[in-house]
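The two complexes that follow have chain A in common; it is paired with chain B in the first and with chain C in the second.
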Partner chain A sequence: MCQVGEDYGDPAPEGPPPPRPGRELKCVKCSEGLPVVVIRAGDAFCRDCFRAFYIHKFRAVLGKNRLIFPGEKVLLAWSGGPSSSSMVWQVLEGLSRDSAKRLRFVPGVVYVDGTCPVVSTRRLRRVAPRTWPYPILGSPVVMIPFCLHLEGAACGQSREDRAKTLSDVKRILQTLGFPWHVVTLEEVFALPPSVLRCSAPEPVGTVGTYKVAVDSFLQQQHTLEAEGVGDSPSSAQGEAQPSQPCTQDPQDLAEPPPAAQTEALSRLFDSVKTLTAKEELLQTLRTHLILHVARTHGYSKVMTGDSCTRLAIKLMTSLALGRGAFLAWDTGFSDERHGDVVVVRPMREHTLKEVAFYNRLFAVPSVFTPAIDTKAPEKASIHRLMEGFLLRLQAQFPSTVSTVYRTSEKLVKAPRDGCASGPRCLLCMCSLDVDTADSATAFGAQTQDFSQMQPPTPLAEAGAPTVPCRSAEVGRAPNCCQGTRPCRREDSRARVIKQLCYGCRVNMKDVPSLDPLPPYILAEAQLRSQRLSPEIQEYLLENSDDKAHTSGSGAWGPPEQEGKDGQTVCDCINKNIFN
Partner chain B sequence: MPAPQCASCHAARAALRRPRSGQALCGACFCTAFEAEVLHTVLAGRLLPPGAVVAVGASGGKDSTVLAHVLRELAPRLGVSLRLVAVDEGISGYRDAALAAVRRQAARWDLPLTVVAYADLFGGWTMDAVARSTAGSGRSRACCTFCGVLRRRALEEGARLVGATHIVTGHNADDMAETVLMNFLRGDAGRLARGGGLGSRGEGGALPRCRPLQLASQKEVVLYAHFRRLDYFSEECVYAPEAFRGHARHLLKLLEAARPSAALDLVHSAERLALAPAARPPPPGACSRCGALASRALCQACALLDGLQRGRPRLAIGKGGGARDEEGPPPPPPSDPGSAPGPADGECGAACKERCE
Partner chain C sequence: MAAPLSVEVEFGGGAELLFDGVKKHQVTLPGQEEPWDIRNLLVWIKKNLLKERPELFIQGDSVRPGILVLVNDADWELLGELDYQLQDRDSILFISTLHGG
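Right after this comes the complex of A and B.
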C-alpha cells in the first residue's frame, strides 16, 4: 500500500477478504508446519520459521551495517521491557551458536534503576505515592503484549517494591553470564562534567577494514584452536566474566542509594512542570548515565532495544518537540554524537507485535517496572499523545508505522546548511540548530518581540510571578530593576540556555529553576561559557552583571499561557480576549 | 477582575493575551505588532523586492483576507503593488459564497480582482465534476489531491494574466505544521525535501511564491481579523472532511494543548530536515504539454487532467508505473473491477509491499 498518492478516506480495502481455508492453511515459508502466528497481512508462520525469521532479522541488521567489530566490547542497555529483553536474549543465543555464525563481540549488560519516588502529574498527586499498585511477579516470564513505556523511572515506588524489582533484575542478570552493571538514577548527581564532552572517536573502519578485521579474528581463532587452548577463546573470554558479577558493584545491591540523593532527584522531577519535559529530562539523564558506565568500563558500543514501532513514535515525537534537525541521530541505526561511544539499535526492524509474540512463544524473561507516565492520561504529554495517535492511525491504515519508519531511513545526518562543526548542545550533544542571525525562521519569530515599543519598567514586570527580574525582551540588556535585585540567577540560566539546541530550550522553559539539576550540567555550562571568551576574561571585573550578558542569549519571554483545546477557530480565541 | 494594562503602550486596558507569549496587549498594539512581524518576515527573508507586482491568492477565507489586508497596509513601505487573484473551483454551495466575500473585499480595499475558473482553464472540469468522476469506486474521492494541484496551476495562470512577478498565499504556521506531520505520515519524502522554507524562489519559469504569514500562528491570525473587523468567509469546504489532512489537524490540536508552541516547533523541525539526495525531487524541467514547471514529462496538473479525460481518474495519483507518460490504449469499461488499481496491486512496487503489515 503506497502512501504517497494513496487516499485516506477509506479505512480498509473494499470487498470481503478472500475466503481462507481453515485447516489447510500452512506456514507460508516451509509449507509444512502448522502456523502459530500471523505477521503482516496474511503471512502465517510456524513456530520454527518464525524463530528463524526473527533471528535472521536481528543478525541481518547487525551484519548489514558492519559497525561492530569482532572482539569489541558492547554494552547492552536493558530496561527490563520486552524489546530490550528480547535483544539481550538474541545476543545470548547468538553467542552460544557454532563458531561460524557466532556473534563475535563481547557483551555486558547495564540496568538503570530509576525507581525514585516521583509524583509526576496532577492526577497522580491524588494517589498516595507510597502505595503505588505494583504487579507481583509470580514467574520469571512476564507477558505484556503491546506494552510501550516500561523503561526507566517509576512513580512512587516504595523501598520494598524497589528492592523486590532489583532482586528480580539480579536474578535474571545472573542467568545471562555476561558482566552486568546495575546503576541507580541517583548516581547522576555524582557524574563528572566530562560526560558531556564529545571525545574524539576511535579511527572508524571502512568496509574493507571490517573485512580485514573479521578475517584476522577468524585466523586468530583457528590458530588458537590448533594450539589446543580449548574451546574458542571468545567463549572463554565470555565465561571468564561471570566471576566478575559476584564482585561487581556489591554496594549497589547491598544498600539503597543515600536518601539525600533520592530526595534531590525527586525534587528535581517535581519541579518540572510538564510531563513532556519530565520524560525528556529522564531520557537525557539516563543516556548520560549509560554513557558514563560505558566509558568507565571500556565499552565502545551501546545497544538499545528500540523496536520499529517505538522508533516511529520517537520520530514523530522528536518532530513535534522541534528536533527535526537530529532525527537521523535519534532514530537511525547508529548514533555517533558522543564520539567514542556509538549507540546502536539492532532491534529497529522488529515491530512490537513480533517482539511480543517471540517473547511469548520462547519464554523470554523480562521485568515490569512502571514508567514515569504509566497510567497518565493520554493528553498529559506529547509522547503519550503521539503514541496514541500513531497506534490509532495504525489500526485504521495498517502501514502507517512502516511508512514512517521507511521515511526515517531517508534522513541523513547532515545539517541543512552544511556546517557540521560548531558548538554542541549541552544536554543532547547534537550540533546546535539555532541561528540567531537568521530571524525569518520559527526560532527568530519566537525570540523577537515587536510589541514592546519601549523598555519595560519594573512595574510592568510585577505581574509576572515566576520571572524575578528578567525583561520580556531578548537581545536588549535588561535594564529592569536597576540592581534592586541580583541578576546572578538569570545570568547562569541565560548561560545554560544559550548552549542548548532548540528542542532542549523548549524543554527548559518548563523547568523554572536550574538549581535542582545535577551539578555536572551546571559545571560544564560554566566551563563552556568561560572557554568562549578567554581573551577578555582577564579584563572583566567581578560583579559586572551587564557585561556578562551577550545579545541573543537568555530564554524566551514570560512563560506561555497554556493553550486550551478549542473546537472551532473562533472559540479558540475567545479565551485570549478579555471581556 | 479588571483586565491588566497593555504591556506595550501602558495607556489602554489590555484586550487580549497573545497566545504565543501570554503578553497582555490592547487591540491596536497587537495589530501593530502583528504587522511589524509580517513586515520583518518579508524583509528578513527578502521575499518581496521593491517594485514587485504581487498576486495575492484570495479565497475569501481568514488567512488570505488577513494577508491581503496586512500587505495593503505594508505596500507603501515595501514598494510593491497588489492584485487579488481568486480561483473558482466550481464547488457549488461553497465557492460562490466565498467569491462574494472576495468581491466585497476587493471593492472595499479598491484592489483589482481577477477570477479564474477551473471550468475555463481545464476544459470544463469543475471540482464537482471531478468528485463525481472519482466517486463510486469504494475508495475516497481524493478531491483535495486534485484541487490542490489544479488550484496552484490556476493561480499561476491568474498571476500571469495580471502581469504579476510574485505570488503570495496565506499559509500560516499551523498549516505548515500540519503539512510536515502529514508528509511524514504519508511518507512523502519529496515534499518534505522541498518544504520548510518560506516559499520557493521560482525555478524554470514559474513565478516565485512565498508565505508571509508562515510564522504567525492561526490563533493570532484570527485575533487580528477580529480586531480589525475584517469580513471573511468562514465555512469549511464541502469536501474537507474526507481529507487526510484532517488527521494531522486533529493531532496538531492535541499537541497544542500539551505544549502551546507545538506549531512553531514543528515549523522549526521542517526548516531543519535533512533528507538524502536520492529522496529529493529531480531537477525540474518543463511540461511537454503546457510548458509549466514539471519534474516529469507531464506536469502534475496535465497528468491529472489526462487521467480524468481518459476516464481513469487515479492514473496520476500514486506511483503508477509510468502509464501517465504515454498515450496508452483506450480505457477499459468502468464496470470492470480490474481497471481501478487496488491496494494489493503492484502500484507501489516491491519495496513497500514487503514492509506493509
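Right after this comes the complex of A and C.
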C-alpha cells in the first residue's frame, strides 16, 4: 500500500537513449539488436538473428524434404563460389553441433578444376572479334571470359594463376576435414559411356521409413555412447578421419592434365558458336563429371549450391531454351533423373543477398574465379539476358524472385502418359519430350531444321529444299537415298540429334560439328542407335501395324505400306508439306 | 564545404575484376561544396577507380542490380542507400552477387 513519504527506490529511469543516426529501426525479431541487413521487403535483422534465421532455413529445407537418410553418403558440389561455399560451411557447422541436432549424413566434397594454360595470343585475336563483341583489353588473363574454376575450356588463366587458385582451393578443402575430390574438366574425355545411362533407382523411402531410419540411428548412437566407444558414430561410419582427409593422391593434383586433353577441350568450346550453347554444354559436362565421381565413390546424393535467385533465373532461362518440360527437375529440390544418384538443392530458399551477407559477416571462405560469362555484355547469352531482366525487375518489385521461385515449387514431376520408362535424352538424361511419331505437327516439322541443309533429291516431290534424308525424327532405313550421295557424317549427326530432347537439340544447332565432343557421348549415341535400329527394321517390314512404336506411321501412315521405300516416300511428302 | 574524407572502398564477389583485381582501395575524397554521399562516391569511383566496363558496375546513378553495398558491414538500405552521408574512416564494400556458384 502506498504511504506518504515512502521511498520508492531508484528514481524513474531516463528516457530511451537517442537512436543512432540512420538506424532508427530495431531488429524485427528480437527488437533489441542493431539491424545489419534487410531481408525481403523491409525486415531488418540484427547479426545474431540473421545467423539463426539463415541456419534455420538450411536445416528446415533438409528436414522438410526428408530425402537424406542418416548415415548416407552425400557429395557436396563446390565450385568455389559464394553459394556453394556457404552450403559447405553450413554442412560443416551442422556436423559439429550437439548430437540431437547434428546433421546425420556423411559428406564429401568435389571440386572440378578447369583452369588451363593461357591460349596463344594469335588464337585470341582470331577468336575474340568473332565471339566477343566488346573491345579486347591488354591483358589476356583478364579478357578471355572462358575459364571457370570448374570448367576451363579455353581459359585465359596462366599457369601461375591456375596454381595459385588450386592451392587456395586445397587449403580450404583441407580445413574442412571431409574427404575431397578434385577433378579437372579435361577428364570428361576419359569418362565411360555408362555415365549417360540411368541406373536403377534405389527404393524410395516413405516418410514412415525415414522416421524409422532416424529412430534406429539415434538408438544406435545412444548404444554406442553408452558402451563408451568414444566419439559419435558418425566418425565410425566413415566420415573423414583426420589422418586421411583427402582421398586423392597429392601428386595427381600437382600435374596439370595432358596437353592433348586441354587442347581438345579448347577446340570443343571454340567450335561452339554462341555463349548460350557454351554455357549449356559446360553445365552438361560438369554434371556428368560430378555424377561420375559420385558413382565411383559410392555417393547416393549430390548437393548443389543453387540459391533462390539462381533458380528463379534458371527457371526463366530454361523456358527460353526449350526445356519447359523439365522445369520440375531442373529447379526442384530433388532431381532423380539419374536414378541411383539424386541431386538435391538445399540452398534453394536462400537469396543471393542473404548468402553474400552471411559469407561476409561470418567469414566463409570462398575462391573466386572468372566464369565463362564474366564481363560478357548483357545480351551475350540468354542466361545473361534473363539474369539482367530478373534482377532489374527485382530492384523495382522486390517480390519478383520469390514469386518465380514459388512457381517452381508448384511444378509437379508427372511423367507423360506411357513414357515413364521411355527413352532418355543423351545429354541431359531427362525423358525424351520429342514425340517421334508426331511428324505431322508443327513441332515435328520444326525439328527437321536441325539436319544440315543439302540439295534436294528426286524423292522430294513437294519441291521443298530440305530432304528428309537426314531426318532426325522418323526411323528411316539407313539407305533411304539409296546411296545417291555419301551422307555418313549427316547420318552420325542425325543419329545423335535423334536421341536428344528438344532443349538439347536447340543447343546442338550451335555446335556445327559433333566431332570435338568427348568420345563417351558419341559412343553412347552409337550404342543406343544400334540397339534401336533392329527394332525399327522389324517394324518397317510389318504391314498394318497398330503398335504405337511404329516410327513414322503416326496419324498419317496408311495401313497399306509398301515396305521401306513406300513408307519413306510417304514420310518425305508428309514432312515437306510442313516445310 | 565538405572536408576531405578518407574512406576505404572494397570490392568483392568478382567486382574487383573491374578494378584491376585490386580489392581494397584506401581513398581520400577531396573537399567539395556538397557533402559526400554514396551517390557522389559512385560518380567519383566511376571517374577515378573504374578501369573498364562501367555498365557492369553502375546503372544510372546507382549500382547495377545484383551488386550489394555494405557500409561499415551494414546493409545500405538501412542507411538511406544513395543518400547516406559518408563519414571519415567509413568502409564501403561492394559485393557482386552475380557470380553465383
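Going forward, the second predicted complex is superposed on the first by the 403 of 579 C-alpha atoms of A that agree within 3 Å, B and C clash if a C-alpha of one lies under 4 Å from a C-alpha of the other, contacts with A are read in each partner's own complex, and residues count from 1 in each chain.
Basically, a contact is a pair of C-beta atoms (placed from the backbone, for glycine too) under 8 Å apart; a residue touches a chain by one contact, two chains touch by 3 or more.
Predicted model, so just to flag it, every value in this text is computed and none were measured.
Visitor: Output check: A:374 vs chain B and chain C. Expected answer is one of first, second, both, neither. What do you get?
Guide: A:374 sits against chain C, while chain B stays out of touch.
Visitor: Using the superposition on chain A described above, determine whether A:492 touches chain B (first), chain C (second), both, or neither.
Guide: Neither partner.
Visitor: Mind working out whether A:325 is in touch with chain B, chain C, both or neither, as first, second, both or neither?
Guide: Only chain B is touched by A:325; chain C is not.
Visitor: Looking at chain A, which partner touches more of its residues: chain C or chain B?
Guide: With both complexes superposed on chain A, more residues of chain A are touched by B.
Visitor: For A:283, decide between first (touching chain B), second (touching chain C), both and neither.
Guide: The answer is neither, since A:283 touches no partner chain.
Visitor: So in the superposed three-chain picture, is A:305 touching just chain B, just chain C, both, or none of them (first/second/both/neither)?
Guide: So A:305 only meets chain C here.
Visitor: Just checking: does A:315 make contact with chain B only, chain C only, both, or neither of them? Give me first, second, both or neither.
Guide: First partner only, chain B.
Visitor: Looking at the overlay, what does A:35 touch: chain B (first), chain C (second), both, or neither?
Guide: second
Visitor: What is the shared patch of chain A, the residues that chain B and chain C both contact?
Guide: The overlap between the chain B and chain C interfaces on chain A comprises residues 353, 394.
Visitor: Of all residues in chain A, which touch chain B in the complex?
Guide: 1-10, 13-15, 39-41, 274, 276, 315-316, 318-325, 327-328, 351, 353, 379-382, 385-386, 389, 393-394, 398-407, 410-416, 433, 438-446, 448-453, 456, 460, 463, 472, 502-503, 506, 556-565, 569-570, 572-573, 576-578
Visitor: For a test of understanding, state which residues of chain A touch chain C in their complex under the given definition.
Guide: Of all residues in chain A, those touching chain C are 22-23, 25, 35-38, 44, 79-85, 134, 137, 142, 305-307, 309-310, 352-353, 355-357, 360-361, 366, 368, 370-371, 374-375, 378, 387-388, 391-392, 394-395.
Visitor: Write out the stretch or stretches of chain C touching chain A in their complex.
Guide: 12-14, 17-18, 21, 52-53, 55-56, 65-66, 68, 70, 73-75, 77-80, 84, 93, 95, 97-101
Visitor: Report the residues of chain B in contact with chain A in the complex, numbered from low to high.
Guide: Within the complex, chain B touches chain A at residues 3-5, 7-10, 13-25, 29-30, 32-33, 36-37, 40-41, 44-45, 62, 137-142, 145, 173, 180-181, 184-190, 192, 196, 198, 215-216, 218-219, 222-223, 226, 234, 242-244, 247, 251, 253-262, 264-276, 278-279, 317-319, 342-344, 347-349, 352, 355-357.
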